[in-house]
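Sending over a structure as C-alpha cells; questions will come in a sec.
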Amino acid sequence: MNRFLDLADFSRDEVMDLLALARRLEAHPEPQALAGRILGLLFMNPSLRTLSSFQAGMMRLGGSAFVVTPGQGTWNVETRTGAVMDGGAAEHVREAIPVLASYCDALGLRAFAEGKDLAADLAETPFRLMAGLCDKPFINLESAMNHPCQALADWKTMDDLAVPRTGRFVLSWVYHPRALPLAVPAAVLHMAAQRGMEVVVLRPDGYALPGPVMAKARAAAAASGGSVSETADRAAALAGAHVLYAKEWGSPACYGDVDAESALRRPLADWQVREPWFAGTRADCHFMHCLPVRRNVAVADEVLDGPRSRVVREAANRMVVQMAVLHRLLRGSR
Amino acid sequence: MNRFLDLADFSRDEVMDLLALARRLEAHPEPQALAGRILGLLFMNPSLRTLSSFQAGMMRLGGSAFVVTPGQGTWNVETRTGAVMDGGAAEHVREAIPVLASYCDALGLRAFAEGKDLAADLAETPFRLMAGLCDKPFINLESAMNHPCQALADWKTMDDLAVPRTGRFVLSWVYHPRALPLAVPAAVLHMAAQRGMEVVVLRPDGYALPGPVMAKARAAAAASGGSVSETADRAAALAGAHVLYAKEWGSPACYGDVDAESALRRPLADWQVREPWFAGTRADCHFMHCLPVRRNVAVADEVLDGPRSRVVREAANRMVVQMAVLHRLLRGSR
Amino acid sequence: MNRFLDLADFSRDEVMDLLALARRLEAHPEPQALAGRILGLLFMNPSLRTLSSFQAGMMRLGGSAFVVTPGQGTWNVETRTGAVMDGGAAEHVREAIPVLASYCDALGLRAFAEGKDLAADLAETPFRLMAGLCDKPFINLESAMNHPCQALADWKTMDDLAVPRTGRFVLSWVYHPRALPLAVPAAVLHMAAQRGMEVVVLRPDGYALPGPVMAKARAAAAASGGSVSETADRAAALAGAHVLYAKEWGSPACYGDVDAESALRRPLADWQVREPWFAGTRADCHFMHCLPVRRNVAVADEVLDGPRSRVVREAANRMVVQMAVLHRLLRGSR
C-alpha cells in the first residue's frame, strides 16, 4: 500500500484489516514504530481535525510532521495544467508536490472541489494528477469528491458502538448558509454501503447526489450485501434508523450556479436536525456528523449536546485510524 | 495538578515549589521527561513568546506539540453558548476543544478578552467554560483577565535578580495607541502581592484597575504579608522602587466605549517610560515589561536598551517556568 | 562556525568541506546527530522550500524546529532602529530576536529586501543588525541581497551532475509581472564564480546587476580561476553553455520606482525561457531555477517538463546542504 486515496480502492476485507490495525495500535501503542519518519502535510484549504490529528498521530508513533499552507506563510499555488501564471499564484503544484515529497517519507494533500463544474470535480483530475506527482506514499486529506480518512473513522466509530453491519444508516442533508462540497457525503455514503448497511440518502428535491456517486455506492452495496436508496420523505427515511448521519452539501442540480443554488436552498432552513427527528428511529439511534458543524443552523444544540451525539468520538477516531494508515504506508503490509 | 489557570489557585508555597522545579530543570535538564507526550496549543489571538516557548519547552523535555490557529489555516470558531452559527464561524469550541483534547496529553488555550462588557470579561465565563470542555491537563495561555505563565516567569525573574521578597514593586500604566486587555496587569499585580511585595499601581485618572482585581490582589497581599496601594502621582509611586513594571491597558472606566476611551487616552502620551522616571527609584531599580512593547511609544529606546531592562530575561524565563508547569501537569505532583 | 550568512564568508575549500559533509550525511544518515537540539525559524516573508526543508532537515538529524511568522499568528514586527512604533507593528526585532534565540539552539531568519533604496538594501544593514542580536548560531534564510542556502544547494546540484568546475554558467534574467529581489541572482552569481566557472550574466538593458554585486563576484572568480562577464546578447551568452540558470529580478537602474520599472519591464515578456534558447548551448545543457517559478511567464512548460530541467533536484538538495550547515553549526567544526 502506498496510496490512500479512496476506500473504494480497497476490498471490504482490506478495510477491516486496516481497522484491526487501528484497534491494535489503540490497545498496544507503538511509540517508536515510525521513529525518524517524516510526514509532509499540504493544506490548500482550512482544517482543524486533519491538521492536528495527523501531526499528533505521527508523534504518537515516534515520527514527526511539517505543515505547508499556501496563502498562509507559503506562496499561493496553481493547480491547472498549462496555466499562464500571471495572476496571484507564484508556484505550480508540478514543482511544489515533488519538492515537498523529496523532504518527507509520506505526503498528505487537502484540495477541495473547485465547485464550478460538476463533471470536472467528479473526475478528480487535478487531485489524481497531484497524487501522481508524488513518488512517496500519498494520503488524501480530502479531495473534491472524497475524504477516506473521515469515512474510515466513521466506520470504526460504528464498530466501536456495535452498530450492526446490516443496520439502517440514514445520510441526511442538512441546511448550511452556503453550498458545501460533496466530498464527505460521497465518501460516507460509499463507506456505509461497503460496510454492508441499509443506506438511505435523505435529501430535499434538488439535492440528490450525482449519478456516479450513487452508482459507486450501489456497487459497493451489491458487493457487501447492503443496499442504497434515496428519498425526500424524512419520516420514511428515519423509521427504524440505527444511525442518522447529518451533512451539508451543495445542490448537484445547480452546481456552480451560486444564485440558483441560493434560491433553492433558502426555503430549506427547517432541515436542521432537532430531537423530534428521532421520533421514529430506533430508541438508541446514534447521531453522527463529520464536523465542523454550525450549531443551531445545521444541527440544534439539543442534539449535539444530547446523549445520541457521537461527533467527538468520530473526530477522536480520526487520529486512531490515520495512525493505522500511516503505519501501513510507512511500515509495509503488516 | 491538572489545571494551570491562575496563580491564585495555588498557595504561595505551591508557587515556590513550582519555581523550585523550574530552577531544577534549568540546572539539570531532563531531555526525556515527557518523551511521547503531546501538547496541543490553540491560539485565538496572536503570539510570539507563548507560541514558541511552549513548543520549545515541550521539545526540551522530549515531547512534541502541535499548533491550531483559527482563522489562519483553521476554521474560525464560535465561543458563545447557544449561538445561531450563521456568521463567519464554522465551528464551535464545544466541539473543537474536546476534539483537540482527544489528540493530545495537555491542551493550552489563548483567548483574549472580548473588551465590550467589563463584568463579563471579569467573570471569565467563556474561558472557564472552555477549560471545562477539556478532559486533559489544561493551561491558560492568556485569558480575559489572566496570564499565569507570564506572572510565574516574572516571579522567577525577580528571584533570579535577588529582588527582595518585600521589595517595592511599581506597576505603571503606559501609553499605547489602543486599549489593551487587563490580563497582564491583573496577573502581575496579583503575583507581586502574592510574592509579598510592597505593590503600588501607578496609573492616570480613569485607569484604576477594576475593584475585583484590586480586591483579589489585596487578599493575596494580606496572606503573604505584602501590601497593595494605588496612585496617579508618579514621583510618589516610584520613590524607592526596586522594580518598575510597565504595562499598557484600556480604561476600565469606559470599557468597550472606543470613542470615550480614545478621548481619555489622547492626552496621556507622556506616559512613556524614559530614563528620568528612575530619578527617585533605587539606583539598581529594574525595568520590566511582558512584551511585545511599542518602542518610543510605551517605553523609550533609552530604557529598553539600557542596563535596567530585564525584558529579554523575563521572556526567556517563560520557557523555563512553563517546562515546570508541563512537567507537573504531565508527570504528577513531583 | 556559528554564522551562515554568505558563501563569501567562506573560502572555496571551506565550501567544498561543507558539501563533503552534505554528501556524507546523504550516504550515511545520522538520525540522532542533533537529538534534543531546537531550531527556531523566523519568516518575515513567504516560503515553501525553506520552511519545509529546514524543519525536515532538523527532524532527519533527530532535532526539532518551531516556526514563527509575523502577521500569520504572530505580531507584526518592526525592524527600523529608532522607530516610533505607533503603526501596525506591535513588536521590535530588538526584542523578538533575542527572545527567540533564548528558546532555541540555532535561529534562522528570512527578511527580504525593502526594495526602495538600492544602497540601503546592498548594505544589508537591518539583516546584519538582526543577526547581531542573536547570541546563538544564526542562519540566513534569504536576506536583501543573499540566499546562501540556495547557492550552496545549486553548487551541490552541479557537482551531482558532474558539471565541470570551469563550465560555462549563464545566469539569465527572465520576465516576471513584478520586480523581484536581487538576493538569488547575487548569491548564485557569486557561487558560480567561487566554484571557478565561466560565468555570463545575460540580461536586457536596464537590468545589469549592481556594481558591488558584480565586483564581489569578479573577486571570487579571480580567486578561483573563473571569470565573470555580462551581455544583453542571448545567442552570444548561451553559446556553449553547460548551465542556463534563469532568474527574475527588478531593475537596479530604477530600484524602488514602481512606475519606471513597470515601463521598462513591459516590453520584455519574450524573456521567457523556451526550448529554442538551447539552440546554441551544449547538447546536455542543464536548466536551473531556484523556484518558485511562474510557468509560461518566466519559463515555458516545455522546458520545466523537459529533460534539461533540474529544478526539483536543486530544491531537494536544499534539505541536504542545510543538514550539513545545521550539523556544522550545532556540532562544531567537523
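Points worth noting:
Chains here go by letter, A, B and C, matching the order in which they are written, and residues are numbered from 1 within each.
As a working rule, a residue touches a chain if its C-beta (ideal position, glycine included) is under 8 Å from a C-beta of that chain, and two chains touch if they have at least 3 such contacts.
Just so we're clear, the structure is a prediction, and the values are computed from it rather than from any experiment.
Counting the residue numbers used at the interface between chain A and chain B, under half appear in both copies, so the two copies meet with largely different residues. Overlaying chain B onto chain C using CA atoms gives a rotation of 120 degrees, to the nearest 5. Between the Cα centres of chain A and chain B there is a gap of 40 Å.
The set of chain C residues that touch two or more partner chains comprises 64, 72.
Interface of chain C with chain B (complex): residues 35-36, 38, 40, 64, 66, 68, 70, 72-75, 78, 82-86, 89-92, 94-96, 98-100, 102-104.
Partner chain C is touched in their complex by these residues of chain B: 31, 43, 46-49, 51-53, 55-57, 59-60, 62, 64, 67, 69, 72, 177, 291-297, 301, 304-305, 311-312, 315-316, 319.
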